[in-house]
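Next up is a structure, given as C-alpha cells.
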Amino acid sequence: MSKLSYISPDGLRVDGRRSNEIRRLNIKMGVSNRADGSAYYEQGNTKILVTVYGPRESVNSKSLYDRAVVKCEFSMSSFSTTERKQRQKGTDRQATEIQNLIKQAFESTVHVQLYPRSQIDIFVQVLQSDGGLKSASINACTLALIDAGISMKDFVCACNTSCIDGIPVLDLNNIEERSGGPDLLLSINPQLGGVISLNMDSKVQQDLFESVLDLGVKGCQKIFTILSDQVKRYSTELMSNQQQLQQS
Amino acid sequence: MTNTRNDGRLNNQIRAFESEQSLLNKADGSARFTQNKSSVLAAVYGPIEVKNSRKQKILKSLIEVSFTPSVGNTTYLDKEKELLIKNALESIILTTLHPRTQISIIFQVFSDDGSIISCAINAACLALLDAGIEMQGLIGSVTLCYNHDKSIYLDPTAQEEKECKSLSVIAYGSQSSQIIMNKTEGTLSMDLYFKSLPLSKEACDKVISYIKLAVKNRIMGTISTNTTSTTIES
Amino acid sequence: MEAFQKIHPLEFYRKFLQRSVRPDGRSLNDIRKTSISTGAITTACGSSFVKIGNTSVICGIRSEVGIPSFENTDQQTNIFVNLELGPICSNIYSSTKPSEQAMSLSSKLNSLVKRLDIPKEDFYFDQEGKVLWYLYVDIYCLDYDGNIMDASILALISSLKNVKLPRGIIENTNEYYKDTEQLRSLQINHYLFPLSFSIIEDFILSDPSNQEEQLSTSNLTITLNENFEICLLSYSGIKPISETILQESFEKLKNRIEYLKSLIDSAQEH
C-alpha cells in the first residue's frame, strides 16, 4: 500500500490547497428564530450550528453576584462523522474538552461584569465533521454571540495548524488530522492582540515551532478579516431592513 | 362474521374481565384489571404535594403517569404509552378542584398478552374511583386490530397484534359519544376506520358498565368481581 | 398590546380566532411555508432538511452492516429512528435527559417506519443476504416553533428516499468490501403525508405554531399515504373529539396531499 503523500511535490495538499490556505468559509448569522443569537458556520466540509441564549436568569444557584456565567454545551450529530457516533452521556471526553475550551475563551472575552447574576448559554451542534472542529466551533460561537448582541471586548478567532514533512500547514481537514502529526490549536483576540489559548498535541521540532505558530497567527488574522466583513454586511442589512420598516 | 380466532372467540368478543380494588395499603387508591392473560395494576397517589416544583400548575392539578413493563427497563415505547394514558386521564379527572397538587398514577404490568394500554386505562379508572378523586365521568378503553383480510378483531391478544395490519387504541368516556383518546398505527383505509368507530364505542360502553358493576359490588360487600365473556353485536 | 399578549395569551388568541384568523395572518386552515431539501450532509448516506415556517429539522441516516435478526415478522426491523429535541432548538428542553416528548415522538416515528413495506432484498449487503444493512435515522430539531411531528415525518420520508447504499462483497466469509462506485437507492414506493392540528376551545387550527401548541387543549396528528390509507392517527387532549371533526381533518389533509407530494418529489431530483 503506497503511503499517502499529504503534500505533493508541487506544494498542493490532498484537497488542492497550498500549505498556507484556509478552506472556504460560508457563514450565515441569525438563522434561528427562538434563540437570542445564532450562526451557521461552514469551513470546507465542517458544518456547525451555534445558538446562544442569554443573558438570562440563572437556572440553578451557580449565579455569581457580580458577573455572568458562561456555559457551553457541545453536541455532535450521530451522522456527522464517517462512523455513526453513539450519544455518550456525561463521559464524552471530546465534548467536555471543547465545552471547557469555549467556556474559558468567552468568559475572558465577554464583558461579564455587565450582566451580573445571569447566565449565557451557548449550544453547539455539529452537523458534519471534516476536521478543525475546535477552531470552527470557537469561530462560530463568536459570530453567534455577536448576533445575540452580547457585549465583548473583541472577536475570538481560532485556527489549527500542523507540521507535515517539515512544512507548516494551515487548517487541517479530517484526513490530515488523522495522519498523526502535531496539531496546534491557537485562538487569539485579533484586535487586542492577546492569545486566549494555545494547545498542542504530539511534538514539533524546536526550530520549526516558531514558523508553525506564526502561520497560526496569520491564519487567525485571515479568519478575522472574513468574519468581521461578514458581521458588517449582516449589520448593514439589518439596519437597512429596520429603516425600511420605519419608513413604511 | 363467525370465524373463530385462535382462542375461540368471535371477532367482536372481548375477553372476560376480572378486577380487584384496594389491593395496596399505602396507595390512596389501587385496582387491578385483568383480561385473561393481560393484567395491569394501577396505584393512585393523590392529591399530594408536587415533587418537582417547576412542573407545578397554579390552577390545576398535575397528572403524573409512570408505566413499568413486566420485563425489562422502561423504553421509549413505554414513555409513549405514559403520555397517551396521561392525556386520556387528564380529560376525565377534574383537575381544577386541586390546584398546585399532583395526582400520580403508577402502573405495573403483571403480564402482557395484548391490549395492554386499554387494560391500563381501565385499571386507572377503577383505581381513581377507589381513591375517591373527582372525575367528570368514567372512561373505558378498548383495542382493535385490523387484519389483512379486512376483518376487525376486538381486544386482540399479543399474537394477533403482531400479525395484524394495523392497530388502534381508543378510549371513550361515559359522558358523551366523543372520542377521548385514539392512536392508530399501521395502514388502514378511512372507510374501515370510520365503520369501526361505533363498534369500539359499544365495547367501551360495556367496559364502563362493568366498572360500575364492580364498584357497586364492592360497596355492597364482595371484594372481587368476575364476569363471563361479553359479546358485542356488530 | 404585547403586554396583553403576555398576560392573557388565551384572551389575545380568542380575539383573533373569533374572526377566523391567527396573529401571524394565517387563516385557521393555512399551513406555513414548507420547504424540503435533501443531500446536505455528505457523511451520511441519506439526509434531508425540512423547514415548516420557523420550525427546522435536519435528518441524517447512517448505515451499518450486521447479521440478520432471527425474528420472522412482516414488519421492518432494519430501520431505527431517533428524534432529539435538545436545548439548541428551544429553551424548554434540557440536554441531560431526553424529554418525554422526544421519546414519545420517536416511538411514533418508529411505528410509522415499520410498516413502510420496503422489500427485504433492498437491505441485502451481498447477493444472498447473509449480511444486512441496518439504517439508523437521527432527526435533530434545530429550531422549535411548533408542529415538530409534521416536519419530522416529512424529513424521515425524504431522507429515506434519498438513501444511497453501496454494493457489498463478502470475501473469505468475514471480510466486507463496499463498492462505493455503484450506489443504489431503496425502493420506497410509499409516501407519508402528515398534518397536525391543535384545538383551542372549539377552534381547530392546522399546523400550530409553538404558542398555539402551548395554549391548546388537544392535539391531533394524522398521516395518510398516497392511497389515502391512514398510517398514523394520534389524538390526545383534555376535551373529547367528535367523528365529524375527524372526517373534516381528513378532508383538509387530502387537499394538501398534491402539494406535499410535489415537494417530496422535487427534493429528490436535486
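When the chains are written out, they are named A, B and C in that same order, and each has its own residue count from 1.
Criterion: contacts are C-beta pairs under 8 Å (C-beta built on N, C-alpha and C of every residue); 3 or more make two chains touch, one makes a residue touch a chain.
Which chain is which protein? Per UniProt: A = Exosome complex exonuclease rrp41; C = Ribosomal RNA-processing protein 43.
All values reported here derive from a predicted model rather than from experimental measurement.
Under the contact definition, chain A and chain C share no contacting chain. Using the average of C-alpha coordinates as each chain's centre, B ends up farthest from chain A.
Centre-to-centre, using mean CA coordinates, chain A is 31 Å away from chain C. With centres taken as mean Cα positions, chain C sits 28 Å from chain B.
The centroid of the Cα atoms in chain A and the matching centroid in chain B are 52 Å apart.
On chain C, the positions that touch chain A within their shared complex are 40-44, 47, 54, 56, 58, 60-62, 64, 82, 84, 86-91, 95-96, 136, 138, 140, 142-145, 210. Residues of chain A that touch chain C in their complex: 31-35, 45, 47, 49, 51, 53, 56, 73, 75, 77-82, 84, 87, 89, 121, 123, 125, 127-130. Listed in rising order, the residues of chain B touching chain C in the complex are 76-77, 79-80, 82-84, 87-88, 90-91, 162, 166, 168, 172-173, 175-190, 193-194, 197.
The residues of chain C lying in touch with chain B in their complex are 73, 100-101, 103-104, 106-108, 110-112, 115, 225, 227-243, 246-247, 250.
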